[in-house]
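Comments concern the structure below.
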């Protein structure tokens, strides 16, 4: 039982990061119908900036903010100079463009921050809490709290603010949104900025758990994509659920089946689900119009 | 493609010393040394100092007139910790760069990937990696400078038994070194009467090993835990180990004997024990130790040149370079077969890793005496008495 | 049709003359690797470029071929050609098994599913240490065909060049046949193809299996040639690399796939002169090419030439 | 003119469909067909028959369910209820490619041209089920396959001539004008040698001259014995071509019968003709 709880805690913690990444995928997908393979690099930027800036003596909150700002700037630049210009390109071409962006960003990070691992201390001490025999580190609590707050804030943004509603409208019907005066290009830029901010914040809170290094975003990003597809592309709630499902399944199978196959779990789940539900768990199975 | 970073095609010291012009045309030819190191990737804190040391000492040797009047031309490629890249760079060194010898292979995997190629090409090859499989069975052209993982395991088990532990849990990396270490740990355990009560593995690039540590925590009667890995992975293990509050003492092998390990693991590293060459505790060695002078001098040079603390890995590279240049001098040139024979005849070389006495049956030449148990105390290495 | 043979002839001439311009074995090595990549890409292009089905997992099949060869030849001492065929068969079976359910998916979901399949294959190869040697891979014996050992870059170059020509010939044949038209048709409009009698599921599965077999054969040869195979050759980044070659060279252009494979095999080597900046350069080149030439290199250049000479009727 | 006319007619399928002699038996029978989308019935309990060798039009305002009906008949959508019988066989829910093999062919309201191919290749895809579609002969380019392919290309060119597209044979479909593409779809559908041809708004978006030409093409197709089902908004064309008309509204049958009967039907006038003038 203690073991099960321990796996659960680990799973929910890492699942939260997947959820943030998946939410980022969903937001960008809604606004532009692009799967942004550079999403993982936003996480990396957040983690690296926070780790290196705090090491250089910058206070933690400031370092996190700098990381988020950096990621948002990068996100907007990708949207403006790559994605917008290739609007009408095929799915594969857009995938290659965002993968090109992620290679570029990793290369840039290597130049700016170096290739070694960077350590970031837990935000509030190392004394772990005990929860029914399971150890819960304070950093896990940070991850959970920050993720919950971000998801809540994102939800409020889309449902309560004018800007959020405009973005939502664009995702439902681009043309109609345009007709009622929504600037669709700004929506795409905002979506990239928002998803970058979510990713970077996730990177900052997870860095004390995983270390930061330039390649940290690759697997986190891919699993975030798997989580987003699991929930149904463009479905925010589905993305969050998908992230948690992937995280927990991964941790449980690492504990009870095989730790070596941990990384395969997310992909086994997504392939299996897509075979039976081609639109993901919460996606609508669309009918082609002819 | 994206990973093929032969970043460091560094051609150091190719500037031919003007003084060498007076020598014979033949002897003015540079000695071409190639090197494949894991300057980036999970083993970067091994490969990076190795590269710096090779560059530093090649430069010094060239400034002092080279080896037998011939300058050294060094070519370093970074395999990023990937065996396939190590193989293709080895090919490049042999085919395109036409080197006289290869030093390196930071990791066991890189070394083993290069072995068939150098054996076929017939080029002297001195590895900087730890696993026993590199030199056992003996391969004609392959030598190594660090202690083997078997020696490390023997040392660790010896220390455990001294503290009264007989039940050990293993946590091994899935890398070449990690696997070899695990094999040795299992084999040696039977010989010395240790019981392996848990046997888990982790990936070199894993971001989280808490599931494995949780399993070890739950295993029956664990008295001590031995981690078989190198580079950054063990630091990750160490942090998760402390995080989950496991109380059994933690041991590592000699693949983490660098201050970088302590920096990455932070407070979690306190109390970790591992076997290491005398180099990292040079100042604490008794004056009678033959290594003390070499180790102290090397440490001084390294720390002055790079303003960072010395690691045993830097020492492995230094030893390899010294053994090779010494062999060239004795062989009277770079003829590959002659140099190979000369390396095999190395006797009484005092290096950072210990006193080296090679033979036709021993292509490492180190004894257990130069290997010391060290413990991390207050963020530094302390010799275990 | 004359266009077809013209291209093939041109490629043959280039392949025949290329070794004269290569100063040493290192460059031959690059040419061989480019050739092996090109074989995979010509097959992958049938799937991605002509049939319009994304795959981000084809390195998995490359890996299956390579490991089948490594395990069967080096561990079980099978004859090399038999092992190569066994690998191709295994790839075909796996591809066939997943093809129907997976290829019902569209766009990003298909990308996700193929990516997943590829990653699962690479993780299996990485984890089944006892058979595959784990992350550090395994050593592979040289290619031995009926007692004749293929060794050395010269020999390998001609083997790979010959095979590439055959691959291109097969691909060109296929494209200009009822099967090829069916593939292009289901790309153009799946529903229209269906209502004209094209069993789209069958043809998608067919081309998926075919491209997997091409990748597998190239993988087997790569394993022999490199002498070492690691799971990195089957992982996501390798899959992306392959698709990038296809898209970069030009989708639905067989010679584009060859050119893309050649450029993107050589480019990283050339970029090493930028040292620490090489990854940035690579990413930047990929992005800019795709943003400004979304159709890929060869079709864009062909379009420019055509516009210049204003000759209609491109095929 | 008449020579040209004859030539064009000759290019159309020579033999009348096999079912033609059984003139009394309906070629297509639809029984209680329904299809819902998210709770809304797009086609509701629809039954009708189409006799072989006739031109049959389906009319109705936008959203009446005409295209959905086509999609149900051709297997693009699966019905929620009811049956479709083609040539005496129950083909309900059968995959489109299998229906095509039975002799069903169609065009689309929104063009579904293979823009990645030349015009003649588009039409050659229509010959798909008459060609050797095995993988190995294609890879090896066996002479027998090449021979049949050449024949198919010639036949496709003939069909293009028949619909007045002779000057576009080698052109990329993507660079052809809209009106030509409409006719290309018809040529492509004919290449399959169908018994039943479903045309979804063939005249939509065409100018008066083009409409006239396409009307003539349809007439000639019908004259060769192919059964034609037409969805069309252009009443002049519908009245001029049809033997039989089915009027739909909200997925239900409004009226059915000979053109002049349907045109007089008060419901039809109210629902459809009224709104379209």
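Some notes on this structure:
Note that the chains are named A, B, C and D in the order they appear, and that numbering of residues resets to 1 at the start of each chain.
Basically, a contact is a pair of C-beta atoms (placed from the backbone, for glycine too) under 8 Å apart; a residue touches a chain by one contact, two chains touch by 3 or more.
Chain identities (UniProt): A, C = Branched-chain amino acid ABC transporter permease.
Computed from a predicted structure; not experimentally measured.
For the interfaces C-D and A-B, the C-beta contact count is higher for C-D. Geometrically, the chain at the heart of the complex, using CA-atom means, is C.
Between chain A and chain B, the centres computed from C-alpha atoms are 38 Å apart.
Per-chain Cα centroids separate chain B from chain D by 75 Å. Rounded to whole angstrom units, the spacing between the C-alpha centres of chain B and chain C is 38. Annotation for chain A: residues 103, 260, 263, 288, 290 touch two or more other chains.
Shared interface positions of chain D, i.e. residues touching 2 or more other chains, are given as 76, 108, 112. Residue positions of chain B with contacts to 2 or more other chains are 2, 174, 203. Those residues of chain D that touch chain C in the shared complex are 74-76, 95-97, 99-101, 104-106, 108, 112-118, 121-122, 124-129, 131-135, 137-141, 145, 149, 152, 170-172, 188-189, 191-192.
Those residues of chain B that touch chain C in the shared complex are 1-9, 82-84, 87-88, 91-92, 95-96, 108-109, 112-113, 116-117, 174-176, 179, 203-204.
Put simply, chain C touches chain B in their complex at residues 24-27, 29, 126-127, 129, 134-137, 139, 153, 226-230, 232-233, 237, 240-241, 264-265, 267-269, 272, 275-276, 278-279, 282.
Residues of chain B that touch chain A in their complex: 2, 40-41, 44-45, 48, 174, 200-203, 205-212, 214-215, 218, 232, 235-236, 242-245, 260, 263-264, 266-267. On the chain A side of its complex with chain C, the touching residues are 29, 35, 81-82, 85-86, 88-93, 95-97, 99-108, 110-111, 218, 222, 225-226, 229, 233, 258, 260-261, 263-264, 267-268, 270-271, 274-275, 278-280, 288, 290.
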